[in-house]
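In what follows, chain A forms one complex with chain B and a second complex with chain C.
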Partner chain A sequence: MLNRFYLWVLFLSSLVLIAYTVFVTYQEITPEWKKYQVEYKELLIKEAKDENIRKKVKAMDIKLQQIYLGVLNKVDRCTSCHMGVENPLMVNEKVPFKQHRGDYLKNHPVEIFGCTVCHYGQGRAPNRKEAHGIGRDTYWDYPIMNLEYIQTSCALCHDLTFLKDRGGEKVVAGERLFRQKGCMGCHKLEGVGGVLGKSLDGIGSQPIAYFPMRYVKGEKTVAQWIREHEEEPRRVVPDSQMRVDVTPEEADFLTTYIMSLRSEEIPRKLRRLTGAKMPEEIKDEGESLYKMYCIACHGNGKASVFDEAFKRTIPAIKNPAFLKVADDKFIRENMSEGRAGTQMTAWKAAAAGLTEQQIEKIIKYITKDRPKERPVPFGFALFKVNINHGEEIFKSRCVACHGENGEGGVGLNLRNPVVQKADPEFLTITVRDGREGTAMISFGSKDGGLTSQDIADVVGYVRTLSKKKYKSH
Partner chain B sequence: MSSKNRDKTEISRRDFLGLASLWAAVLPAIAFLGGMFRMVKPNVRYEESTRFKIGTVENFPVGITKKLEDKKVFIFSTDEGLHAISSICTHLGCIVNITEWGFQCPCHGSRYNQNGKVIAGPAPRNLSWHEISQDIDGSLVIDAAKDVPPGTIFKLKA
Partner chain C sequence: MNDLKQSGINKFKNNLKDLRNSFLRSFIREGKPINDLSRAAVMANNFFLHVQGAKTHVNTLRPGYTLGLGLISLYLLLITVITGVLLMIFYNPSIENAYNTIKDINYVVFTGRLVRNMHKWAGEGMIISVMLHMARVFYTSSYKKGREFNWVIGIVLLILTLGINLSGYMLPWDQLSYWALVIVANIIQSPKEVTDVLGITKYFDMGGFSKELFLGGLTAGKESLTRVYLLHIMLLPLILFIFLGVHFWRIRKDGGLTKPEAFELKESDTRYISGPERKTEVFSTNKTYGLMELVKTRTPAVSRDIENNLLSWPNLILAETAVFFLTLAIVMVYSFYIDAPLRELANPLIPENPAKAPWYFLGLQELLSYSAFMGGVGLPGLALLGLALIPYLDREPQHIGIWFSGKKGRYIALESLVVGTFVLVGLLAIVIKFGWFRTWWPDVPQLLIILINPGNIWVGFMIMWSLFVIKRTDSTRMGAIALFTMFLLSYVILTYVGTELRGPNWGFYWYKSQWPVH
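Moving on, here comes the complex of A and B:
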C-alpha cells in the first residue's frame, strides 16, 4: 500500500516537473528578441527592392546580436531588438526597428561606440525590462536615459563650445544659468565653491539608489529628482536650505547641465575635449564672479532679506550705507574667513577655493557704489565705557531683533567672531547711523534717542557677549 | 493460464503506474541534460566579432587604399572592385607595411607581392584575402574568419 502511495507521489511530482520543463524550454527557445527579429525580417522582405536583397534577407540568421566594444570595455546587445538603427530603409518604421535619428551614427559608428555609452541602460541584458533597467527590481544603477536629457551624454566627450550649435543647446543654456544663479555659492565644482550644499562633481554618474525618490512626484529618475529639487527643494529634501528660484524652463536647462556633470572617463581615443569648458566670455570679471558665488544668497545686494530656511537675515552687502562704514579690509576678512555660526562660507583658497585676485575682483565689484564721503568718526577710544549701563540699553533696545543673548533673529548674530573682533569704531558708527535699507535704524538720530555715551556703552557691552555662555536651542 | 496471458499482453495497473512514473522522471532529466549540453556553445562570446562593417561604397572611391589598424586589414579599391588583404604576417604575426612592390614585414624581412604572395623571407604562407560582402542596410562587411582565394574581387555596383 505504502509502495503504491510513493509511486503516486513520484508520478505526480514528475508531471509537475514535465510541465515546468516544457515551460522553461518554451521560454528558452522564444526569447523576447526573437519575436522582434522575425518581425524585422518580414519587414525587410516586404521592403526589399530586388530579388538579390530578398535572398540575402532570407539567409539572415536569427540570433542574439552583440556589439563588442573593446576600447570601452563593454558589450551592448541592444541591436538584438533595435535591429534597424543603422538601416536607412527603417527611417519611418516604429521603435524598435526605427533608424537612429539624426546623423549622429555617422560620426559615432555603433561598432565603436555601442549604445549604452550615451543612452545608459544595461547593454548585456537580453530582454527589454532588464536592458532598459527600469524599475527597482532590475537592480541596475543606470537606467536608460530619458531622451529629454540625452544631450547630457554629448558633454562627456565634447566641449560646450563645440556643442553650442550641434545639439547641445540645453546643456549650454544650463551652464550659463548655473553661473548666473550662483549655484557655486553653496555647491563645489572641481574644488571651487561653497560648502552648504553637496559637491556636484560627477553627480550625473551617481547611481539612482543615491537619490531618495520618496517625495518625487514624477518619474522616479535621477534627472526628475534633480529637477523637482530645483523647483521645490524642501519638498524633495525636507531639511534642505537651498535658495533657488527658477522657471520651469530654467529648471529644465539646469537639470540638463547638472546631469552632464559625470565622472566617467571616455578613452582619449574616442573623445574630443579640448579643455575649453565655458562657451562664452570669461568669467573672471567681478560681476560674473559675484553671480557665480554670491548672488544665490545676497541677491542684488541692495536690501537685506530674512531667509526662512537659514533662519537669519542675509545682509545687504551692496547697500551704500553698509559700504560707507565697511572698509575693504573688513569685507575682505568676512569673505576670506567666512562668518562662523552663519551660512557665510570662508571663500579663501584653502576653503571654498577662490584665489586672492578673485576675491579682490568681487570686492571691487561690490564696493563700486561706495559713497564718496566717509562717515563722521565716532572716537570710541575717547569714551569711558560703562558696561552695566550698556547692558540695560541692550535689553531694552536691541533684544527685539538681535535676540536675548545677541544670538540673532531678524537682526544679525552679534556673538559671531566677526562682529566680536570687528573694530569698535565700526560698530559704534553702525549703531549711530543705522543701516539704510534694513531694519537697523539710526540710533544716534533724534528718533533713535541714544547719546554717544549710550552707544559707546552698548557697544562695550556687545563686545563682552562672546564671553557669556549661551545655549542655542 | 488466461491470467498469465493477460499479463503478457496488457500492462497491469500497478505496472502502469510504475512505468509512467519512471518515464515522467526520465523525460525532464533528458530535457535538462539537453539544456546543459546546449550551454556548451554560447550564443555570443565576450570577444571581438570577426565580422565588421567598413562603411558604405561611397567611402571607397577607386584608387584608394585603407589600412584598418585595429582590424589588421588592408582594403584596396581598384577599377574592378574591392578586395581586403590581411596585414598579419604569416611568419610571427607582425603587422606588415605597404610598399611600392607589395608588402614588407618589419620584423624578419618577409616580403609579399601586391597579391600577398610570399616573395622573400621566412614567411611560410601567403597573406590571406578576406571575404567582403554587402549587408542589407547597404554597408560593406568584412569577415576575417572567412578567407577567399587570392584574386577574388568584390564587384562594386553603381
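Moving on, here comes the complex of A and C:
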C-alpha cells in the first residue's frame, strides 16, 4: 500500500522547488547590467578599426564592474552599465554607453572619485531603478541628482572664486542672491543668522526623507522642494513664515546655491579649497550687511508693512520719522537683544552671531537719513501720572491696534520688554508725534485730541502692562 | 571466513572489493530497511531518528490532527539556521558596515536576496507556526497527564522565538531596525512608569537599568548592535536548542503525541499509511524478551500488536519528509516574490512617525499606548503566566486528543470568539472615539491610568468570562477554552489594529492614505 497522500505532497513540493530553483538561477545569471554589457561589447566590435582590436574586444570579459573608494567608504558599480564613460569613441552613443560630457573625467579619474560623489544615487545597486534611487519605494536617501543642479557638487571641493568661470555660474549667482535677499535674517549658516528658519548647514546633504514631499507639485526631489519652497513657501510648508520674493530665474540660482551647502567631508587630498571667500562686491559694507540680515523682513525700510504670516507690522526702520525719535542706543538695544514676542532676532554675537562692529555698521547704514533736528522734549518726569485715567484712554484709543491687553495686532506688542523698559520720554514723544508712514497717528496733534497730561497717563499705564497677567494664545 | 589461509595481499584485495558494502554496513548497521525488524532498527539505531519511537500511532499520522505545525516550526527553524549561517558569511555587525553588507547581500551575493528573504520569512513564519502549534496543542487537550511541564517549555520556546525574531529585526541597521530598537528599549524601560508614580525612580530605576543593559548605553548605538547581534546568533539560539531538546525528549518519554482513548481506524486513514508486512502474531512463544524502556502508556495486550501502531519507517519518515519539502517550497516561493523590507540607513535625526515595533509586537504597542507599564510588562507578563498555568488549573483528564474536547468545547470556543470580538472591538472603538482618562480629565494621576485602562479592563473581562463559563458548565476545561480563545483573539485583533489602523502619533486611520504629511 502506498502512502499516497504524503507521496503526493512530497512530489508536488519537489516539483515546485525544482521549478523555483531554476527560476532563481535564471534570475541570478541574467542581471540587468549583463544585457547592457553585451550590447556595449557588440558596439565596440562594430566600432573596432582593425582585426587586432576586434580580437581584443571579443576577449573582453562580461563581469560586474566595481570601483572601491576606500577613503570615501563608497562602492560604485555604476560602470557596470555605464561602460563607455571614459571611452572617446562613445561620445555620440546613447546613455548608458555615452562618454562623460566635458573633460571633467580628465581631472577627476573615475577610479579615484567614482560616480556617486558628484551624482549621488546608490552606487552599490546593480540595477537601474535602485542605482538611480528614484521613487519612494527604493528607500534610498540620495536619489541621483538632476543634471540641472549637478554643479552644486563642484562646490564640495572647489571655491566659488574658482568655479565662477568653470561651470559653477549658477552656484556663484545663487550665492550673491543669497546675500542680497537677506536669507540669513532667518536662516543660520555656519553659526551666523536668525533663528526663525531652519539652519541651512549641510542642507544639500540631507536625506530626501527630511523633506515632506506631500505639497510639492513637480518632481519629488530635494531641489524641487527647495525651489517650490522659495516660490511659494506656505504651499510647501503650510505654517511657514518665510518672506521671500524671487523671480523663477532667481529661484533657480538660489536653489542651486542652497543645494551646494553640503556636509560631506571630502578627504583633503581630493579637495581643491583655498579657503578664499567671495570678494565683497558692494562697496558700502553696512549696506551689504543690511541686505544679508535685515532686508528679508524690513525691505527698503521706508514704510512699515503688515505681514500676514507674522501677524504683525514690521516697522519701517529707515523711515526718518522713526529715526528722529529712535536714538542709536535704542536701535542698538533692539538689534542686540531682539524684541521678545516678535520675529525680531537677537543679533548679538552670543545669539544670531553678528559682531559688535557689524552691528555698528548696520546702525550707521540705517541711520544715515536721520533728520538733523531732534524732537521737542516731552518732559515726562514733570508730569504726575494718573494710571487709572491712562487706562481709560488706553481702552478707548489704543486697543484697536495694540490689542485689549497691549498684546499687539496691527500695532506693536506693548508688553514686550523692549517697550516696557524703554525710556518713557521716548514713548511719550512717539505717542505725541506719531510714526510717519504707519497707522500710528500723532495723538498730540489737533486730530489726535490728547493733551500732554493724557499722553503721560497712557504711557504710565502702558508701563504697568507687563505686571498684568495675560495668557497668550 | 578463511582469513588464515589467505595471503595478506589477497585479504587487502578482498577488503577493497567489499569496501562499498562494508562501509554501508558500518554506516547503517541494521542493513537495508527491507523487513519490519530492520525498519524498526533504523529508527532505534540512528542518532537523529531515535528520538522518535520505532512505531507511530495512526493518529499522529493523520494530517488533520497535528496539521504538521510542530514539525513546520522545527523545519522553519532549520531553514533559518542554514540561511543564517550563509548570511553570517557576509554580514558585518558594525554600524558602519551592517547596512552596506546587507545591501551587498541583496545586490551582488549569488542568490543572496533569496537567502535573506528566506531567512526573514522563515523566521517570521515560525512565530505564526509556533502560535498555531500552541493552539493545536491546547485545543486537543495535549497539555495534560504528565505533559504539563512540556507545555511550559513550549511557552518558553514561544518567547525565545519572538526574542530571536526581534533581535534579527535590528541587525540591518536601517530605519526600521533603528526605530524598532528605540521602541523596544522604551518597552523595556516601562517599569519606570510605576517607579515614577511611586516616586522611587531616584533610588530604584529598574526600567532605566534594564534599558541601559539592553542598549549598552543611554541611546541606541554601536554597542546596542553588538549586543543584539550576540543575542541573535548565539545566546538565544543556544537556549532555544537546549529547550527544544528537552521539549522533544519529553514528548518521547510521554509516549509520542496524544491520541484519543477511544480510537478507531477510518477508511480515509489508508490514504496516508502503509500497514505492517508481518501477518503472524507479535509475541511468538519462541522468543525471549528484555525490558527495553519504561514509557508511560497502557500495557500492551499480549499476543496482539500494539493497537493501531505502525512502523515509523517508512510511515512517519515519509510524512515528515513531505512536510519538510512542503515547508521549504512555501518559504522559497514566498521569498521569491516578496522581498524582506530594507529601508533607508538608520538616521536618529529623522524619526519615523509612527515608529513601530515589528508586527508581532504591535498588539503590545497598542496596549503600551494605554499604559507603558501595563502594556510593556504587566499584561504580557500576566498573559504568559496565565498561559503557563493553564495545565495546572485545568486538570480534567477526559477528552485528551480530541479537538475542542467535543461538541460542547466547539460551542464554547465559538461563543467566546463572538462575545470576545464584540467586547474587544467595542472597547477599542470607545478608546479610539472618545479617548481615555487622560483626555477626559487631564490632571488625573498616572497611577489611576496604570490601574484602570482598556488593556486591564479587557484582561479582567477575559478572566471574569472564563470564570463564568466554568461556573456555567462545571468544567475547568471549558473555562480554559474560553480564556485561550479570547487570548488568541486579542492577539490577532490588537496586532491588526496596531499594524493597519495606527498612524502618526499613534492616531487612528482607516487607511494609510489618510495619514497627514509623508
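Criterion: the second predicted complex is superposed on the first by the 465 of 473 C-alpha atoms of A that agree within 3 Å, B and C clash if a C-alpha of one lies under 4 Å from a C-alpha of the other, contacts with A are read in each partner's own complex, and residues count from 1 in each chain.
Just so we're on the same page, a contact is a pair of C-beta atoms (placed from the backbone, for glycine too) under 8 Å apart; a residue touches a chain by one contact, two chains touch by 3 or more.
These numbers were taken from a predicted model, which means no experiment stands behind them.
*Asks:* With the two complexes superposed on chain A, say which partner A:148 touches: chain B (first), chain C (second), both, or neither.
*Replies:* Neither partner.
*Asks:* By the touch definition at the top of the document, which applies to A:140: first (chain B), second (chain C), both, or neither?
*Replies:* Only chain C is touched by A:140; chain B is not.
*Asks:* According to the stated criteria, A:111 is in contact with first (chain B), second (chain C), both, or neither; which is it?
*Replies:* A:111 sits against chain B, while chain C stays out of touch.
*Asks:* For A:14, is the partner it touches chain B (first), chain C (second), both, or none of the two (neither)?
*Replies:* both
*Asks:* Could you say whether A:4 touches chain B, chain C, both of them, or neither, answering first, second, both or neither?
*Replies:* It touches chain B and chain C both.
*Asks:* May I ask you to decide whether A:125 touches chain B, chain C, both, or neither, giving the answer as first, second, both or neither?
*Replies:* second
*Asks:* Check whether A:64 is in contact with chain B, with chain C, with both or with neither, and answer first, second, both or neither.
*Replies:* In the superposition, A:64 contacts both chain B and chain C.
*Asks:* Under the stated touch criterion, which partner chain does A:53 make contact with: chain B (first), chain C (second), both, or neither?
*Replies:* Touch status of A:53: first partner only.
*Asks:* In the superposed arrangement, which partner chain does A:86 touch: chain B (first), chain C (second), both, or neither?
*Replies:* first
*Asks:* Per the definitions at the top, what is the overlap between the chain A residues touching chain B and those touching chain C?
*Replies:* Residues 4, 7, 10, 14, 17, 20-21, 24-25, 28, 64, 75, 77 of chain A touch both chain B and chain C.
*Asks:* Would you tell me which residues of chain A are touching chain C in their complex?
*Replies:* Touching chain C: residues 1-7, 9-10, 13-14, 16-17, 20-21, 23-25, 28, 64, 73, 75, 77, 122, 124-127, 130, 139-141, 207, 209-210, 212, 214 of chain A.
*Asks:* How about chain A: which of its residues touch chain B in the complex?
*Replies:* 4, 7-8, 10-11, 14-15, 17-18, 20-21, 24-25, 28, 44, 53, 56-57, 60, 63-68, 70, 75, 77, 84, 86-89, 109, 111
*Asks:* For the complex, give me every residue of chain C touching chain A.
*Replies:* The touching residues are 63, 96, 100, 103-104, 107-108, 110-111, 114, 174-175, 270-275, 314-315, 318-319, 321-323, 325-326, 328-329, 332-333, 336, 342-345, 347, 349-350, 517-518.
*Asks:* State the interface residues of chain B toward chain A in the complex, per the touch definition above.
*Replies:* Checking each residue of chain B against chain A gives 14, 17-18, 20-21, 24-25, 27-28, 31-32, 35, 38, 43-44, 46-49, 52-53, 134, 136-139.
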